[in-house]
Structure formats: C-alpha cells, structure tokens
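Listed next: structures, encoded as structure tokens.
Each of the two complexes below includes chain A, the first together with chain B, the second together with chain C.
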Partner chain A sequence: MIAKTITAEELGALVADLVSAGTRVIAPARAADGKVDYRAITRFEEAAIGAELPRRSLKEFFLPPTEPLFSWHQGKGDVTVKPVAVSFPPHVVLGARPCDAAAVEILDRVMGWDYRDELWFGRREATTIVSVACPGVDGSCFCTATGGGPDSKRGSDLMMVPVDGGYLVEAVTPKGQAFVGAHAARFVDAADAGTTAAAEAFRTGVRSRVAEHLTLSLPALRRWLEGSFDHELWRAIVLRCHGCGACASVCPTCHCFDIVDEPEGVRAGTRRRNWDTCQTARFTVHASGHNPRADQNARFRQRVLHKFSIYPGRFGEVLCTGCGRCARACPGGMDLPEVLKTITALVGTGASREAAV
Partner chain B sequence: MNLYQPNLVTISDVIDETPDTRTLRLTFQDPQLAAGFDFKAGQFGEYSAFGAGESTFCIASSPTRKDSIECTFKAVGKATRAMRELGAGDTMGFRGPYGNHFPVDRMEKASVVFVAGGIGLAPVRCVIWNVLDTREAFEDVTIVYGARSVSDLVYKRELAEWAARPDVKLWQTVDPGGEAPDWKGEIGFVPAIVEKAAPSAKNAFAVVCGPPVMIKYTLPVLEKLGFADDRVYTTLENRMKCGIGKCGRCNVGPVYVCKDGPVFTARELAALPQEY
Partner chain C sequence: MKELQELARTLLSSGTVKVVFGWEEGPRGARPAFITDAANAGRLVFDHRCSHTLATYLSPRRPHMTRLGKAAIVVKGCDARAVAGLLREAQVKREDVVIIGVRCGGVAADPADAGPLTAENVAERCPGCTAREPHLADHMVGETKPEPPGAPTRDARIAELDAMSAPERWAFWQAELARCIRCNACREVCPMCFCERCVADKTQPQWLESSPHPRGNFAWHVTRALHQAGRCADCGECARACPAGIPLGLLNRKIAGIVADRFDYRATDDPSVPAPIGAFSVSDRQEFIL
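Right after this comes the complex of A and B.
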C-alpha cells in the first residue's frame, strides 16, 4: 500500500484539478441552514471535511431517492421504450465517512447477487471514494460494534487520516492507487515516522472512544433474533415508533425501493425507482387487503431482523455500519443502539424464546 | 436496456374466465425472444400496463406450449385495472421469468395430486398442462378444484377437457350455496373434497395453491393421507416489485420469495414466520 501525505493547500488544488477536468466532486459541505450534507462542490473551500456527520449518507449518490428506469411513448397500437444510460461520468467523493463508505460496499452484495443492478454498479464504477478517518460524532455512534470503525478502510478507495497541516493518505484499492498516480504531483512521498505515529494515535484514540458506546457479539445477537420472533420485546419497544421511515431514509444501508409509473401526459411517461421502506404499512399489503406485516411491531422487527439476521445469513455481514443516524433522526426517540443494548442484555441472561409470552 | 426495462408483448387473445377474472395471451414482439423464450412451471413475471405500473403473477400457461405465455388476474389494484382496460393487439410489458419452479422432473414416474382454490388454479394449471402434455411420464393424475360458486370457477373449458379425459381424475367443487341448479360437481370446501377423493400418497406428489385458509386446512388432510411434507408443494404470493432479490419487499424470515421461491414445500413453509 502506498502511504503519502497531502497538504490542505494541495488538496484544494486537487479539487480544482478534478473540477476543471470535468469530474464531479462530492464532499460534505454546509447547506444554507448551516448543517452538513454531502453535495457537489466546485471549490475546496466549500467542503467541511471531518466536521459533523452529514445529515444523509452517501446512498443517494448510488441509489438516488428517485431515478428513471426507462421512458415510454405510446403510439397507435404500439409502445416505444427509451432506455436510460447505465454508464455515468466520473465522480470523486472527497471526505466520505468510513461508515458511509463501508455501507456502499455492503450494498454491493445485494445489488450484485445473481442479477447485477447496472444502475448501481454503473455509478459505483464511475466513482472514487476518498474517505477521511472520523473524529467521532456523538454517543449514537456505534461503528465499532458492527465490525467497522472510525478508521475502517472498507469501501474506500483512499483513506485520509488528518495530521498536522494536512492528511496522511493511503491507497486502499487499485482504483485508489490509480487516483494517486494520476495526481502524483499533489502528494508528497512516504510520510515520516512522526506523522505516521500521529495518525496512528488519532485512529486508536477515536476507536477506543466509540467502542465505549456499544459492544456487540454479532453472532450472539443473530442467534437471539432468530429464536425470538415472538418475544415481548417487539411489542414493548415499538410504542414510540410512528412508522414514518425517517430511519430508513437516513440509513446508509436501507435499500428497499418501489417501482412506479409516472405518466407525462396521456401517451408517455417514465417508470421510476423510488426509495421505499419496510416501516410503512403499505410496503407489504397485498391487493386483496391482506397485510403480512399488519402492525408496527412486526415492521420494526423486520428492520432489525433484516439488518442483523437476514442480511448476514444471506451475504455474510450485517446491514448496518453503526452511523447512528436512525437514532438521531427519529422523531419518536426510537434508538437502535439502545435496542441492540437491550437485546445484548437479554442475550446475557440467556432469555430467548422461552421468555416469550 | 437495464434489468428493470420490460420486454414488449402484444396481447394476442383475451379470455374472460369469470365476471372478474381474465386471462391474457401474450406474444413477444422481439422475434428472437418469441422463438427462444423459455421458462419452467411455477416461475413468475412482472407484467405492466404502461402508465399504471407492474403487477406480479405466475406464468399461467405451460412451458410445453411455447408460442405465447398467459397470465390470469383479477382487476383489484391500479395495474390490474389498467390491464383490464387493454384489448387484443395492445402492447404490454413483461419481465421474467423469475424465481424457482415446481420440480416437474422430480415428479416423473410418480402420481401427482393437484389441489387448487379459486384463482389459485392459475399457477397449478401451468403444472397440470406440463404434466398432461407429457402424460406418459407420470402415473395417476388427480385434480381437486373448487371455487366459491360455479361462476367463480376459472378455465371452465379446460375443466371440461380434463373431466372428459380418462387419464385424469377431476373433482370439481363449489362452496355450499355456490352451486347452480344444473351443477353436477361436489358441494363443499376443498379440504373436505380432498379427503373424500382420498388420493393415494404412494409414490405421489401434491401441488397446492389457493387462498391461505384453503391451504391451511388442506395440508393436514394431505398429511393424514400420508403425503410427506417435502412432497407437498405450494407457491407463495407475496407483494413484489423488483422480482430479482433487490427491493426487499417479499422478504419472509430468511427467505426472499422472489429468489428462493415462489415455490416452497410444505416443510419449508412450516419453518417460515407467518409473514406471507
């Protein structure tokens, strides 16, 4: 792996290089209300790298909240279908949080098994993700409990760790190495021992702070979930849930979607894929009116099961990176890390299906 | 063209099965697909009326009849109501075939018992024709089919055809009160008629599809008749959107119905949480 350093000035120049070459640069940046969102920037000065966690994850840049799948036009007795492009112009994400970068790689599994989602992978291939090691956000963070970490390189093509005056940069993937090669003049070779030690101290410091928030045994959690479908916990904890789906919207790994037709006039229209969520009653309701998940208990349980039992069972990893956004966004005060803590306590007492009412 | 873009099909025939149930025969507009489209009994597709969206149904015709595919549906939602407005010559969208299938190969050299209720005959009919078109490969064929009333029985012309065949034992029934004056079939609920028909479980498989309540009471009857739960097959109808294991909608317990199903054995079904 190549370890390089880059100064803040050179990073600014690198953004200018990219923008002038026609690359779309996405970075955390302040919105008009002062909050931070990932958005396209044209100047490095707009970026707020390593500031607070962006409100929404990177998901929308790979699976947009709404996107056209194709459009159609109805002629006399026939229909013409116009496909959408499945290749995309180059993008660079600068200053991705490790929890958001990891989520994108986790979602590659579901988007690629058997049927390969060309729209997802088209955007993945066009995008280079440059992450920045996270200084930690608040008590809702629990990335280390999900197998990640504030310095996890997973899903990143390059990882930057803040050091005095700039960043220590490590190329994680061949794409990341090519990126460094293409912009070699902006980087300084091999960091000195002092810089490397400072970066290491930063990483271990944050990691141990986040680990204090929550520790999970993922296999034990999964075993409990798989034996506790009818546990009273599901009824008790869900009372505050409104079923609004804000958690799924801000979640970097929630990826459920709907497919709907949007007519444009009488004879034409676009079929679109829109974000959807298992937290709403309409998600599973049959045309007959029968709803397999008729109450919010079942819907919240589904969200937890999908993340910590179903997805690991199918794809070998949990569908959660511990970013904590669901807990921060919930208007009802539902708190996933608290729920996981509660379950962990039940696991500790050996309470599973036997304790169910 | 991406995964979600449908193939264009032309409605070549419209058959009204009951006052609210219709069958559409569809032919692919792409000549290559029209010649080469293949599927297995029990697989499903996403059918669309442009402007109203997609709806999920099994392919109701048999893979042994390759010139077209058929779907049978009730107009209950937005997409199906729009499909009902379409007529012969109109264009629709079709994506598929998706999902697993009934193991017709495994059933060869064995007897097959088909049990269906209402529009649940559609996926079963696909297997029935698959079996009847290669009839010599199978032992006894028994069909028990019921609906609420005589007018709710679907595929009436085919029921008459099966009734006339010496190599098919057909039991038709309607719910009490659903009979017409000239009704010559049984009167009673499907599970009771299965018990009365008492097909032998020896070297036999069962294929069951119908309303959840029919399935619930039929499975114990089959068990009593001696059918092992891994030789009883059914097909799940869960709400779906993508059909290809991405959108998360049809998830039941650890299973993606669109990928691991829609065909399951009674044994597999018993292991799933009641979320279907």
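Right after this comes the complex of A and C.
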C-alpha cells in the first residue's frame, strides 16, 4: 500500500499532464442543465468532485448505451464482416464514487463468466479508476447495507480521501501503484498524523451516518426471496411502478442488453448492442406473443430477485451497491431501500412461504 | 386534507369504488398511493409535492391496476386534461371512474422538494397556469390556493429557440437528444401513450431504430412528439421522468402551439371537445393542399 497526498493544485496539474499525454479523463462535471454527469474533461476546473452524485453511473464507460459489435457489407457473392476494435486508448476516471467503482468490479464476474466480453475488458484494462471517498448523498444511500461503503476501495485503483487543501491518496491495485509511480512528482509522501486522523474521522463519520439508513442480512434476504416467489408483497408494492426502466438506466449494476441489426442501405449494416431492461413488457415477450412476465409485479420482482438472489447464487455477491439512484430516478416513487426494509421486516416475523398466496 | 381523506373513506366504505388513486407520504416526498381499504384513507395527502399525474395509472393496458376494480382518481387541473384525453379517446368510460378534483397552487418539479414553492423549484408547466381548478370532477375538495410563483415559462424558452437559426436549433436538439438512452420512461409515464403496441417496439419491420444513437433518438422523439400533436395533456410527466434531464416538454409545447394556431384547439379537461386528430371541420385550413 502506498499512502500519499496530493494538493488540489497538483491534482489540476495532473489532469493537464494526462490530457496533454492523450489520456481521456472522465470526471463528474456539470452538464448544460446544471446537473452532474460523468463526462470527459480537458481541464480540472470543469470537474465537480464531491458535488452531488452524478445522474448516471460509471457503467456507460465500459458498456455504452449503444455500441457496434461489427458491420457487414454484401458484395457480389460474398459478405465482408468488419470487426470493431477491442483495444482502447488510456482512460482515467477521476473522482468516481465508491458505489460506482465497486459496481464495475461486480460486473466483471458476469462479463467474464461464460465467455470473456472483449469490449468490456478492453475498456477495463485501458482505464484507471481514481475514486474519492463519498460524503454521502441523502437518505436513499444504502451502500453499507450491500457490503460496500462510502469509503470502500472496491473497484478502485486509487482511493482519495478529502483532507484540508487536497486529498490523501492510497494506491489500491498494482495499476494504481504504477499510476502513482508514473506521476510521482505530483504526489508528496504521506501526510502528518493530524491529517491522517482527520481523513479517518471523515470516513468513519460518513460510514456510520449511511449505516443508519438500512441494515440488511443479505443471506436471510436471499433465503426469503427464494421462498417467496408468489408472495402477496409483489402485488401490493408494485402498483406505482410504471415499468419505465429509468431505474435500470441509472443503475450502476444493471447490465442487460439487446442485440439489433441495423441495415444501412440494402447491402450493408451494423450489429449493435443496446441497453435493455427487464422492467419493460417487451423484454420477455416470446415470438408467439406469450409473455412469461405478464405484468409489472413479475417484472419488478425479477429486478429484486436478480440483484439479491440470482446474482449471489451464481457469483457469490449481490448485484447492487446501494447508490440509491433507482429511488431518486423513479417517477412513480418506487423505493428499493424501502422494499428491502419491508422484506427484512417479513424475514424477522418468519412470514415468507406461510404468507404466500 | 381531512376533506379528501373523508371523501375517500366514504367512497371506499360505501363500495362506490374499490380503489382511490391519490398521493401519500413516501420515503422521498409525496408519491402515488392506491388506497383499497377505507381504514387507510388517512394516508392521503395533497400539497405542492404532488407533481405526478395519476391518470397514467388508469390505462387499460395495466392488468395489475385494472384488476383492482373501479377507481376514484384525485386530479389537479392538468391531470384532469389527461383523464379527459382518455375519455375522449375511449380508453376509459366515464361511468367507470370517479373524479375527485383538487384546487392547485402549483407543484414542485421534484416531488421530494419540501418547498416552499419558488420560481426555482416550481414545475415548468405551472407558472401562468389557467387550469388550477379542474372542471372535470365529480367532487371538488380543498380551498383555492394562491397562484404558483412566476418563473420563466416554456413559451419564453420556445421563443428563444424559434429565434435561433436552423443550424443553431439543430445543434441545441442534437446536444439534448444525444443524452437519450432510449429507456422509454417518457412513454411509460405518459397518460396518452396507451398503445397496446408502440410503433417503436415493432420489429417486423423495424420502423424506428432502437439504438440510442442520434439517428434513432431523433426518429423516436420526433415520432412521439407528432403522435402527441393535439393529444398531449401537458402534464409534464415525460420531462419529469427523463433520467437524462432532456426538456421533452419543449417539443410537445411547441407542437401544441402549432395545433392551437391551425386548429384552434388547446388541451382541455372537457372530454366533449374533439381533438383535431379525430375531427374534421370544413373550416380546417388546407392551403397546403396543392
């Protein structure tokens, strides 16, 4: 572990170094409408680190909302298939939220599971993630309940903790260590005991504040979900859900995609993959017209099951980092932390299969 | 509030309706509530955080809603226009819904906004609203509220866009629509997007590309805006739901202005006024026919 500090001024100079070396720097920054998005910056002054949570997560930099897989062209008696590049120029994400960084590592499991997704891992390898310990967003945060935390280092190559005048920096991975090594002049050696203590107090303070929002027993939650497919709860809580999928689009871990062929003229076209979501009726409709998830109750249940039962069943961890974006984005007022709290109360009373209808 | 809760309790306990669509206190401000038990009528609230349009939940293509049985719905003036749209287009029968009108003083853009209502946080449709008391209502509750705070209106924004050159306007919409990720939230929350099968979901042939690239995004948003011409209730749900923050209301509002100009039709909560798409008049302007 390397612990260093960097001043805000030197961090600005580091961004300038990176940009002039041709590295794409992604950071939370204000959009035209004043909201914060992760986007490419060319100057450190554009970054809004530690401001509000970016509207969308980091996943789009590894799994873009739409991306070409290959294109084809039909000639006389043959078809030429042109693959896409699977190597990418270097990227640095500066000021990632720990919940977003953790999500990327959680998704590595599924992206490298039955086959290795070259596009995902191509971008992963080209990207260094520098997170900043989170000051907490609002009452919808529940990262600590999912096994993470506002200062979790998971998925980060480097973790910064804000201190007076700059950041305490810890290299988490070999990639992070190499990054510090390559830009050694911008960092100074570990801070004095007072600064380190202040950083520690910041971390534990936020952590205990967020922990008050929700406590989950993930194994008990999973057991309940596995035994409660037909529970009345799904009928009762889903009424306000529009099935719009805004939750999935802002979710750092929802990763389902659709594959489409788009003709470009008569003899050419592109195969693309686009974000998709289990919250829409179309997601599961069969060619026959039959839809095994006939209504929104079944679709919402699927989202909860995938995150807290199916994914842990296959990969040993939940598919949620507790960022709370789904609750914030929902136009109908659905609230995942509230649903998890409700289920936890049912687990407590043993009301799983018995209460099923 | 008491008046609303009392009315809901009476409607439910008398068996007049099986469910009351209203708003309740949620973890993040006000949110839609569906009260089926008279004992829970006390959960209903109405204040400036009740931004949502509940008319969308009357859609006949939501089996998990329709099986609840006959509904009463709480409507603001703007929401009443959406209910009128559903009645006008034969999606809901008048005798199948009890309409509870509430007098409105404007709502916040974000239902989690504790207020007070200011020019900064008010929903964009509210300043200058002329429909603060619904006419389409079986029951009216609440007292007249003060006018919503004044704020720059969408019409002023549209005038700015109209004043741009075509390339500037193109650049504006390019930048806005580039953020679209085609989640379809705008469509799903729209009370007037009730098609059993949306043209955007058809694949044989694929009329609209589903990819969130500029070509697909323009095709989708232009199609949706045109399908809303003379139909949009101006409830603001599409823009509120958009997780990318695209000002979709500007598109619909612009078209509403054109419809008003050419067909003398404005979104209304009187379901007997035919929408221009479903009516023919010999006085319709037709100078475009060669």
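Heads up, the rule we're going with is that the second predicted complex is superposed on the first by the 357 of 357 C-alpha atoms of A that agree within 3 Å, B and C clash if a C-alpha of one lies under 4 Å from a C-alpha of the other, contacts with A are read in each partner's own complex, and residues count from 1 in each chain.
The rule is simple: a contact is a pair of C-beta atoms (placed from the backbone, for glycine too) under 8 Å apart; a residue touches a chain by one contact, two chains touch by 3 or more.
The structure displayed is predicted, hence computed values, not measured ones.
In the three-chain model built by superposing on chain A, chain B fits alongside chain C with no clash. By the document's definition of touching, both partners, chain B and chain C, reach A:Asp258.
Once chain A of one complex is fitted onto chain A of the other, the partner contacts of A:Phe229 are limited to chain B, with no touch recorded for chain C. In the superposition on chain A, A:Leu239 makes contact with chain C only, not with chain B.
The vertex angle at chain A, taken between the C-alpha centres of chain B and chain C once both structures are aligned on chain A, is 90 degrees to the nearest 10.
Look at A:Thr280: by the touch rule set out above, it reaches chain C but stays clear of chain B. When the shared chain is aligned, chain C comes close enough to touch A:Thr66, but chain B does not.
When both complexes are overlaid on chain A, the residue A:Asn297 reaches chain C alone and has no touch with chain B.
In the superposed model, A:Ala327 lies in contact with chain C only, and not with chain B. Across the superposed structures, the minimum distance from chain B to chain C, using CA atoms, reads 5 Å.
Taken together, the two complexes place residues 258, 260 of chain A in contact with chain B and also with chain C.
Across the complex, chain A is touched by residues 1-6, 8, 48, 50-55, 74, 76-77, 80, 89-91, 93, 212, 237-239, 241-242, 244-249, 251-254, 256, 259, 273-276 of chain B. Taken in their complex, chain C has these residues touching chain A: 26-34, 52, 56-57, 62-65, 68, 111-112, 175, 179, 181-185, 187-189, 201, 206, 209-213, 216, 237, 240-245, 247. Chain A meets chain C in the complex at residues 31-33, 35, 55-56, 65-66, 139-140, 235, 238-240, 242-246, 248-250, 258, 260, 262, 272, 274-275, 277, 280, 282, 294-297, 327-329, 331-333, 335, 337-338. Those residues of chain A that touch chain B in the complex are listed here as 69-70, 72, 74, 77-79, 81, 83-84, 86, 110-111, 113-119, 229, 255-261, 263, 269, 271, 273, 276, 278, 283-288, 290, 292-293, 298, 302, 306, 309-310, 313-314.
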